[in-house]
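Step one of this worksheet: look at the structure below.
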Amino acid sequence: MSGARDPVSLPSAAARVFGRECRLGVRRVGELLQPVTFFLMVTTLFPLALSPEPSLMRNIAPGVVWVGALLSSLLSLEGLFRADLDDGTLEQLVLAGQPLAGLVAAKVLAHWLLVGVPLVLAAPLAASSLSVPAAALPVLMLGLALGTGVIVFVGAVGAALTLAGRRGSVLLSLLVLPLVMPVLIFGARATDEAVRGDSAAGGLWLLLAMLILAVTLAPLAVAAAVRICLE
Amino acid sequence: MATWTWFHRLASPPHVYRISGAFLPWLALFTALFIGYGFYGGLVLAPPDYQQKDAFRIIYVHAPSAWLSMLAYVTVAVAAAVGLIWRMKVAHAVAASAAPIGASFTFLALLTGSLWGKPMWGTWWTWDARLTSELILLFLYLGYLALRGAFDDRARADQASAVLAIVGVVNIPIIHFSVVWWNSLHQGSTVMKLARPSMPGSMLWPLLSSLLGFTLLFAALLCVRLRAEIIDRERTASWLRPIVGAA
Amino acid sequence: MLEADRLHLWRGERHVLRAVSVAVRAGEAVHLAGPNGAGKTTLLRTLAGFLWPEEGSIRWCGRPIAADPDGYAGATAYLGHDNGLKADLTAGENLHYLTRIRRPADDAELAAMLSRVGLAGRAEAPLRTLSAGQRRRVAMARVALSGAPLWLLDEPFTNLDVAAVGILTGLITDHVDAGGLAVFTAHSEVPLGGRTRRLALA
Amino acid sequence: MSGARDPVSLPSAAARVFGRECRLGVRRVGELLQPVTFFLMVTTLFPLALSPEPSLMRNIAPGVVWVGALLSSLLSLEGLFRADLDDGTLEQLVLAGQPLAGLVAAKVLAHWLLVGVPLVLAAPLAASSLSVPAAALPVLMLGLALGTGVIVFVGAVGAALTLAGRRGSVLLSLLVLPLVMPVLIFGARATDEAVRGDSAAGGLWLLLAMLILAVTLAPLAVAAAVRICLE
Amino acid sequence: MLEADRLHLWRGERHVLRAVSVAVRAGEAVHLAGPNGAGKTTLLRTLAGFLWPEEGSIRWCGRPIAADPDGYAGATAYLGHDNGLKADLTAGENLHYLTRIRRPADDAELAAMLSRVGLAGRAEAPLRTLSAGQRRRVAMARVALSGAPLWLLDEPFTNLDVAAVGILTGLITDHVDAGGLAVFTAHSEVPLGGRTRRLALA
């Protein structure tokens, strides 16, 4: 009797964690919609505060959309592990007897879906209010899909590292921001190229490469950080 | 004290349910009459404007729905305040029923306004004071409805949303006087200065009739929704049993 | 089977565990006793692997627990001062997810356990609408369903009424009689018969 | 024995609440610095994501600064009453036997100081990175001081109203944003006028009027909302 | 002096309080008993004014509590399942702020109460570094310092060790003997002698 009676496989345990995240997301639709509403707010508040000259607007539109996406996915990360830590369910995840990296990867993946997909879907709305031409939409949306993935996976490491001590998402932003700055720069540049009608393939490939790196390495770091921060 | 008990008896759910049922057919009838004359007079009889051609005819929907968007909000806020201060459940039911109607009229005003804006100003939307404050009104309605939805408990939903409705009422004068306080793209007040109307009678009378008609429409819709709301709230009460059983 | 040997642990500047040793054999329950602040919670969390002792060793089946942390974690069920349940999920959903990341279990088993802890009718209720004692009952159902041989329970009787205390005692008895191990803390006596050994912390 | 033995006066009780907020703010410096770091992030990320043409930058600078200030003070509001609700101290405030509006006014005032002052102090930094001329700084800083006050007091009503039910700061933004939109518009416009060298007095007076209105009325609404949302 | 008469209260679709009446006189403690989910917490929170009964009335000194909510609140001390303390403040700071928004109290009084609950040496420790039972002790010190004539205590004995149970019993005894009122819930018997009347909820 050295282990549990008959343990489940990692994929099916990860599927449970994924399912649980999605169910929770649906229960707390308000929280789920927060990043995307925030994104739309940021992108529509600008025309209000700036003098609305369409020519100027089109110039800064890609940057505004990408800054909005970065900020809103960053903000959604603060609660990623914090809520689980507070109610004790994070301990249960650690004690599941599964490789922790696999379980947290499922959790972060679910978070990406729940945060990233609404952002990508809302992008056309934001873009049109900033008079981005429709031709640039595919690049914008694809770029956001990849870019939010990088942000969420890299950000998860920061979220796990800042669990210990008092809650302070400032630390999180400070840790994560330098790491995801390239995403912002390449994403905005790719969109800008698409707006001017140039090819944006280079930027998108770069984002894809970053995403692959983040998805493979970040869960290991997250698992290590979670173990350290439970006390 | 006598007026007080009279007030409360007047506001009891069964009484309100009965009275609103009795008003409903009359409201429907006069709504049809006034809106009918307003639309016929405005869309068919009135001559095309010398500047705007036929585009101005959208005023017969736009002005009334914009007016109703504000009236409905004031209704919500006043009902909510009454409910909060005198703990009157029917008043909360009125607020809850009026809000979605008001949100719809707000949406209609924004829609018709921006349809009209395209030929008039060459753009669907600008961040002008009146337009922005009307959009804010829509957001306020949406926030009010979202706040209601966030509570499991109806009594608390009533009270919390009442606080919000009262706070939000500051926006109404802003909408109305926005054209006066800021130099706005939007039309100044035309209808309300009856002393020197800046509109020929053939355009004005249908507009006034459709204003009245929309107001009656609001009242009629309010009655319908209020009755449904009362049934939902009082579903366990004994006075409802014969009524619901019969239906 | 679980042996902790001369554990030392500081929290901040406080030397909380001073050469604490515990050994628990299969079929045995250990009652950790001691006044407030004695270090009971600290010891349990150390045994669960959340805190690492500065000195001393913890062995499970003869091997240090650091050698196979995931394997040891799979053998452990922990109930802390927090229940480890999500307030936004229903009682049934909480048990569903928390049990099935550990082991396969069919719906009948979950339902049977919920009714054993007296919540048969409340499976669909979001946890936030349950009373404090009802939540603790769900948490103990989670432990009983975990299939883990080693139970670490921190004041499990908190908020429980008399009936629930009986149910939990029954669950522990069954577990221990089936060859399981349990370490729990409690401030009053627990009627577990001869199965319990008492260990007092300073 | 119908009341407490000898109750303290409202001002001194309010002073305690104020002191407690400040002490907590100092304990959790990380959390305290969050809005201002966020503000600086928003205002410095823009030049990074946009093509940094100084002429264009100066055009949009007032809007960027004000959007940053609005967003960062809004975000700080989510936790204003939530933390107190979770650990039960909000109940203790309600049961203090003092007029609740007075106590929450002290709390919100402290929050304004802790959030608003750093923002105002950081404004020159943000403004210089956006090449706002130094001559416009006094108007910007005064405007921010007044504007954050309005946002914090109005936002407190939203924070109290969204206490019940699930946590969802999306709802908070949804409720508060329409109400504080005028602050953004007038604040940005006043700054813009100062940048162009015009007089910005009109906008500042308007902000002051809004502040007075908010400070006098909001605490009553907050107190009512807190009572409603405790269950 | 506190009279609750035929209270009815629903939570969601649940009719939790059904015609519950309680009367507490000065110098008397009422022990609310009942199984998990019986409505003890609900009743206490109703008496504290956090929940409003759909029917029935609550009177304090003969006047409905809604007539003077602030006055009634000033006369009430409430201890719930949560402690009502800030984890980031020290034990001493917590007592300082929570006591002095209610009544003036000098430092010696606060220090004496801290040492009475056995935490004399821990006044400077942030609450988050205290054990569960030590936090509960701080919370009971807060109640005892409140100066309120009416104490409403929801499972105050949770997490307390034997010594602390004795201290709390002593505090309640002193309070009641000085003419105070107390309503508390507990799942086991409490040795308060003849001062206690027991009221069982369904």
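By letter and in written order, the chains are A, B, C, D and E; residue numbering begins at 1 in each of them.
The rule we apply is simple: a residue touches a chain if its C-beta (ideal position, glycine included) is under 8 Å from a C-beta of that chain, and two chains touch if they have at least 3 such contacts.
Not measured: the values here are computed from a predicted model.
S.K.: Hey, what chains does chain C share as contacts with chain D?
M.R.: A, E
S.K.: Tell me, which chains sit next to both chain C and chain E?
M.R.: none
S.K.: Would you identify the chain whose Cα-based centre sits farthest away from the centre of chain E?
M.R.: Between chain E and the rest, the longest centre separation is with B.
S.K.: Taking each chain's centre as the average of its Cα atoms, which chain lies closest to the overall Cα centroid?
M.R.: Centroid comparison flags D as closest.
S.K.: So the centre of each chain is just the mean of its C-alpha atoms; given that, what is the distance between chain B and chain D in Å?
M.R.: 33
S.K.: With centres defined as the mean C-alpha position, give me the chain A-chain B separation in Å.
M.R.: Taking the average C-alpha coordinate of chain A and of chain B, the gap between them is 41 Å.
S.K.: Just curious, how far off is chain E from chain B if you go by their C-alpha centres, in Å?
M.R.: Each chain reduced to its C-alpha mean, chain B and chain E end up 49 Å apart.
S.K.: Would you mind pulling out the distance in Å between where the CA atoms of chain B average out and where those of chain C do?
M.R.: Comparing mean C-alpha positions, chain C is 59 Å from chain B.
S.K.: Name the residues of chain A that each touch 2 or more other chains.
M.R.: 27-28, 30, 48, 166
S.K.: Send over the residues of chain E in touch with two or more other chains.
M.R.: 11-12, 88
S.K.: At least two other chains touched by the same residue of chain B: list those residues.
M.R.: In chain B, the residues touching two or more other chains are 132, 150, 152-153.
S.K.: Write out the stretch or stretches of chain D touching chain A in their complex.
M.R.: Within the complex, chain D contacts chain A at residues 27-28, 30-31, 33-34, 37-38, 41-42, 45-46, 48-51, 56, 59-60, 62-64, 66-67, 70-71, 75, 166-171, 173-174, 177, 181, 184-185, 188, 192.
S.K.: Quick check on the complex: what are the chain A residues that touch chain B?
M.R.: 30, 47-48, 52
S.K.: Can you list the residues on chain D that touch chain E in the complex?
M.R.: Chain D reaches chain E through residues 1-8, 12-13, 16-17, 19-20, 23-24, 27-28, 86-89, 91-100, 103, 230-231.
S.K.: Which residues of chain E touch chain D in their complex?
M.R.: Contact set of chain E toward chain D: 1, 26, 45, 48-51, 60-61, 70-71, 73-78, 80, 82-89, 93, 97-98, 100-104, 126, 142, 146-149, 179-180.
S.K.: Touching residues of chain D toward chain B in the complex: what are they?
M.R.: For this pair, the touching residues of chain D are 154, 157, 161-162, 164-166, 168, 171, 174-175, 177-179, 181-182, 185, 213, 217, 221, 224-225, 228-229, 231.
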